[in-house]
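Several structures are given next for inspection.
After this come two complexes, each holding chain A, first together with chain B and then together with chain C.
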Partner chain A sequence: MKKLNIMLSATVGFIGVAMAGQAAAAPSCGSNTGEAATGEPIIVGGIHGNAAPGDFSASTDAAAAYFSCVNANGGINGRPIDYRVENDQWNPELASQAAAKLVDDAGAVALVGNGSFMEMAVNAGTYAKANVMVMASACAISECFESSNIVSTNQGPLPSNLGATQYAQEELGATNVACIGLNIPNNGPWSCQPSIDLMKARGGDGSMALLNPGAPDVNSALLESIANGADTILMNLPAGLAIAVLKAAEEQDLRDSYNWIAPTPLYDLSVPEALGEYWDGKVWVNAELAPFHLNGADAQNWLAVMDSYANPNDPRDTFAQSGYLSARFFTDTMLAMDPAEVGDRAKVTDAIKSIKGLTSDLMCGPYYVGDSDFHMPNHAGYMLQMVGGGFKVVRDCYEFDSAYFEPHIALEKKLGLR
Partner chain B sequence: MLPKLFHITPSGAAGILFAAFAFFVVPTLAGSLWLSVFTSMGCFTLAIAGVAFMYARLGMVSLTQVGLMGVGGWVMLRLNHGFALPFEVNLVIAGLATMVLGWVLALPALRLRGLYLALVTLMAAGGLEIILSTFQFPNGGSGFWGVQTGSGAGFRRPALAQSPEAYLRYVVAMVTLAFLFIELHRRLAPGRAWALIRRSEAAAMAAGVNVTFYKAWAFGISGLLAGGAGALLAGSLGLLDGGTFRASESVMLFALAVVGGARFWLGAVIAAALFRVLPALLNNWGVDADLSFVIFGAGLLHAVITAPNGIAGQITEFFAGLSHKLSNKLGLVPSTVIEGSADD
Partner chain C sequence: MKTKYINWLIYAVLMVVVVTWLGWGKPNKIIGMFFVSGLAVGSLYALGGIGLVVLFRATGVLNFANGAAGAAGVMTAWQFGQWGVWAPLTWAACILVALLISLFYGRMIAPLLAWREPVVKAVATLGFALIILGLVSFLWIDDPRSISLPTDKIGIKLLGLRVTATRMIVFLSTIGLVIAIYLFLGQTKIGLNMRALANDRDLSALIGIPILKVETIAWGLSGLIAGFTGLMFGDLIRLEPTVITFMVIPSIAAAICGRLDNLVVVLVGGLSMGVIESLLTLSPVLKGARPIAPFVIASLVLLWSQRGTQLTFGGRD
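Entry: the complex of A and B
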């Protein structure tokens, strides 16, 4: 992957127009035979977390849509994918039960599209023991990126925070970044700290203000950040809570006194309207996957799949892109396998671990897995500015400056991807 | 004295049979999902046994039980990550530490009764919820709190119970021991003192019963059971989250102990099944598990209006009536043992 760091000056995308143009395309899925698969189903699982304080079901919704499309187009060599989804409700007991049901009882050959704050921490050991791979899509905690049997298409908060912080330091003049996150050791502190380290390495400073996920008091976190001397507020939170932070700041008219930056969860088409004109042009968001209006072939296919096979109310956001991508990469891998082996979990796991160099215009770099104890194939992204009721790209694909990625870069070199 | 101490009542015999069924049969029949659900249920049976025992023996309402489970789980995780002690040693220390905390919480609350005691214990549960959410559960880090940033370290299950089936058996064995421990207390001096305190504290004091000591002792036992339950839950999952130990869960746990029947061992089992198995069943059927709250509410109304001894009381009365009718039919003298010692 080549370091780009290119500043785009003219790419302004207003998503509604772009998406309207894309909706008419016919979806392309799997073998594209146009005939429904009727053979013995292949069981594939998926776990999302949908409960207060966040809904991570967009990824499994999109994966389900793609698998429905695959099943309507020949399946995996005639065998349909039986995609079973469980909700962990942000509860470790339910997360454990969901994995037990899918991995042990149902005998899923793999899990695809997982999105959660909880289940990866509880189940990473279970997946390794059962030798089953999870091609996740909406990961937010460290276990998702630091385990042998989980690989995610999304970046998670650590790189996305870094991308936003790096941009703020280089372009917005940030000298002191306060990271507001959830007080979950494998989420908030884990993902805030590298951004603080980056600021310190570049002569600035940083701090973190952590929220109780059960009773988040955003106003206190905001005041704590200001008291720490921040000039830039990094909202490392699910979209709903990040909006709450911005609303609290609006009530105190703090907009022009600080830079407001966020990782991917705030890149949601409904956010500009939810925030109103007050915030127009004042919020910068890092996008883990290609912004919707860039309109590449895979981006168009994602929307076509969603329009044809998903519920109209299912979100069309980054996690949905990520769920689609995981499902597509999984399907492509299964189609490349010996048809006699696609129902064998061990063979499927080997095939997934052998993935390298799959590409999509939704991702900045190639997707790979490899046989290692860490996986983070996606660690480059875009920077967007919320403006005019939508988002515009202010920096194209760029890699993030952190020692955290050294082992990933070494692995990519070993796999011949650099 | 000894024959009376070890006398097995019909209710006790049914309990032993049920425990044997849960130990030998359930793990072999249950799939992986239900092994996990029944293990959780077993942990909460232990906690409910503690809160139900305090309510049934002393009329004391404790709304801290789930918070105390969190304390037991915290100690278990801290010891597991910090020292190379066997699981059983950690389990005992977790239970004892929670028992001591139960005593500390009990001492200022002992002069209170009824609603005021309930409110004080609820405040304690709220405090524990904030502490656990703020400082989190140990995950292999250093220092007193033992929390490290990023991924947690692995958890060591008991040597005897590495597989999910064996761990369920382990939990069932612990719950059975806990019920026997409660029954032992009921049959010895503490049981007699509690019975007297329940009828009248003034009469108990006049009879020479140290009311403060025996009330604190009951709080301690309840804390011990809650701590053990939290430690076993930590062993089941390998990690814990503050969301599991909210104060509202303690209120729900007490309400379900009343619905199940606080005076009976079966009541604790029914309450734990409602608390953990019913939502899992609804989830498994694709129905929103929040529907279980509606069912819990209906169950509580049912208990308050028509079944003060809970569902277990109704079941026990049914079998007592059946036995009475059978005895009359056969011309036998009806057994007084059934009604007299159905508790626990």
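Entry: the complex of A and C
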């Protein structure tokens, strides 16, 4: 049944179509020698959350696929990557144990592809103390972007909200945005506030309505947004909850009375079908990485890697793109190091912190790390409109405008990226 | 009898005070919208609570697996819908799956625990709920989904809020169920047997009440209500198995209001919880406390109604 469902999934179906024309290309990974690495393994860790109510394992699945490809193509100067993945099951205790197992017991030189709501909040201090870098891929909470030893290829909700709000203000005439978010301090309020600040800075207004993650009644958050005088509703929620909000709005026939915008989680090709024709052309979604149908060279390579080295059932979604990117950037960094130092955690950490200017057509801007207490290299994206049972790009790569990014821009200038 | 009327009077006064306090300074239209929205959610709490009380009154089992049975049912309905099965058949499948799950537990597992304490019976159903949830999550991976009923398209405006026919069906079904079950338990032989069983299983067996048959009917009724509730939850709340499974928790709060016995109080308690939870949104200070509202209300009702009297979770222990 599971396989059947995955086959039925519109997402996979769509990607399958996209892949049909691309799968012929052989994947390109690491040194591309075509020979399997046989030397002493380099231990690399990864932690994801996979338990009800959500599965964030797509990022580590994609990273694992890329590392398998690297190992089949010479590894890191002949040494294979021993990629060990743990599941925190959204449990703080397990998250802490997973980090201890990988960092303290296994001696991982770095962690790559992490995806969780939980583990970054629990382990940020551990990573800093152990001087190990985490090149994460599926981050959604403040600790992931405001810590010294975690950097992610995905944007998380804060920039993606800003991108959606900025587009709505500039193109849809939004003057008052209500951000419906989760009542989790390091997620909802943290990621909604900069969008409200952006609206106020541009002469508009904003508010936030917070939902308990398990709350059955999303109607109240919607009514609260309306009561606050909003003309635009920003659904800063996981896809399932955002769909519930839209269904509640449909029940009230509110479609044409408001602008409906969302960050990346709603960019899922199952969503248009789940919402139905009522919402066709009426929902705008920000995408933090390249939309699936834009077939850049690296996007094609991601799919080729997934085809050749991932489980056929592994998702081909934004988190998988992000996991692939983290693994690729990590591998490129390791290959540029002195081969004698790739097993030394401190040297690997220094090398990762020195990353600057790595590019991919999956990302709008350059990827960098830098030695700072915050990391958010990805703060530009695409704007999409949900139309015709899919999504179309209505604004190509654009940088998000917010005072929040002032320290990031200063760092980019310091690194010579601007 | 006098105490009963006083209790209802105190309830009515308290509700007026709470609604006035939470809505103070807000336009009537806004209060009306939140009030109606709360009634809609509250009717779902009450519906779930009634399913629990029906079973508890007949078997002494507080069934935590009701939500999971409904979740499995509605996910099956969604799957059939994806396969292009005629919509009414998918709804029937939802109720059938929940019925079968309920009957399976009632016939295969519950008799093995018949002589254990009510707490043990309840915890066993919680374990069963987690097994069902695990299976459902395995079969249907986390993905955005929704299910709609034709009645979603029909609606009327009530106090500024559009109320769909589906919500009215839930509301009216809840009231209808209370009346039907009241009559069933009071006027039919099976109902009498159920009440006898709930009162004393040993004595009921001694006087020749067909225990297995009566309990099977109770589990079947509970399964039917769980299936209907699951379908309504999937449509009106979210088509997420975890959320539907754990909707049983506020439903239990509603059932506790009626001390797992009084269906009218379960109905009123469920509706009141929904309304207060919704109106709390209007309070900048208290809106963060919305998720605990049903349990605070249930605790207060319990404390008030139990003043030195009977146990609610009692029985053999």
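The rule we apply is simple: the second predicted complex is superposed on the first by the 392 of 418 C-alpha atoms of A that agree within 3 Å, B and C clash if a C-alpha of one lies under 4 Å from a C-alpha of the other, contacts with A are read in each partner's own complex, and residues count from 1 in each chain.
Definition applied: a contact is a pair of C-beta atoms (placed from the backbone, for glycine too) under 8 Å apart; a residue touches a chain by one contact, two chains touch by 3 or more.
Model, not experiment: these values are computed from the prediction.
Asker: So, does A:Asn183 touch the first partner chain B, the second partner chain C, both, or neither?
Answerer: both
Asker: On the A-aligned overlay, A:Asp253 touches which partner chain: chain B = first, chain C = second, or both, or neither?
Answerer: In the superposition, A:Asp253 contacts chain C only.
Asker: Quick one: classify A:Asn91 as touching chain B (first), chain C (second), both or neither.
Answerer: first
Asker: Between chain B (first) and chain C (second), which, if any, makes contact with A:Val122: first, second, both or neither?
Answerer: first
Asker: For A:Asn212, using the defined touch cut-off, is the partner it touches chain B, chain C, both, or neither? Pick first, second, both or neither.
Answerer: After superposition on chain A, A:Asn212 lies in contact with both partners, chain B and chain C.
Asker: Have a look at where A:Ala244 lands relative to chain B and chain C in the superposition and call it first, second, both or neither.
Answerer: In the superposition, A:Ala244 touches chain C alone.
Asker: Once chain A of both complexes is superposed, is A:Ile355 in touch with chain B (first), chain C (second), both, or neither?
Answerer: Once the two structures are laid over each other on A, A:Ile355 reaches no partner at all.
Asker: According to the stated criteria, A:Asp105 is in contact with first (chain B), second (chain C), both, or neither; which is it?
Answerer: Only chain B; A:Asp105 stays clear of chain C.
Asker: Under the stated touch criterion, which partner chain does A:Ala274 make contact with: chain B (first), chain C (second), both, or neither?
Answerer: second
Asker: Do any residues of chain A touch both chain B and chain C, and if so, which are they?
Answerer: The overlap between the chain B and chain C interfaces on chain A comprises residues 183, 212, 214-215.
Asker: Provide the residue numbers of chain B that touch chain A in the complex, in ascending order.
Answerer: Contacts found on chain B: 31-33, 35-37, 40, 129-130, 133-134, 136, 139, 141, 147-152, 154, 164, 233, 236-244, 246, 276, 280, 283-284, 289.
Asker: For the complex, give me every residue of chain C touching chain A.
Answerer: Checking each residue of chain C against chain A gives 26, 30, 33-34, 37-38, 40-41, 44, 79, 82, 133, 137-146, 148, 152, 155, 161-162, 164, 233, 237-243, 246-247, 250, 274, 277-278, 281-282, 287-288, 290-291.
Asker: So in the complex, which bits of chain A are touching chain B?
Answerer: 86-87, 89-94, 96-97, 100-101, 103-105, 118, 121-122, 124-125, 142-143, 146-147, 183-186, 189-190, 193, 212-215
Asker: Under the definition above, what is the set of chain A residues touching chain C in their complex?
Answerer: 1-2, 5-6, 8-9, 11, 52-55, 183, 209-210, 212, 214-221, 223-224, 227, 239-241, 243-244, 247, 250-253, 268, 270-271, 274-276
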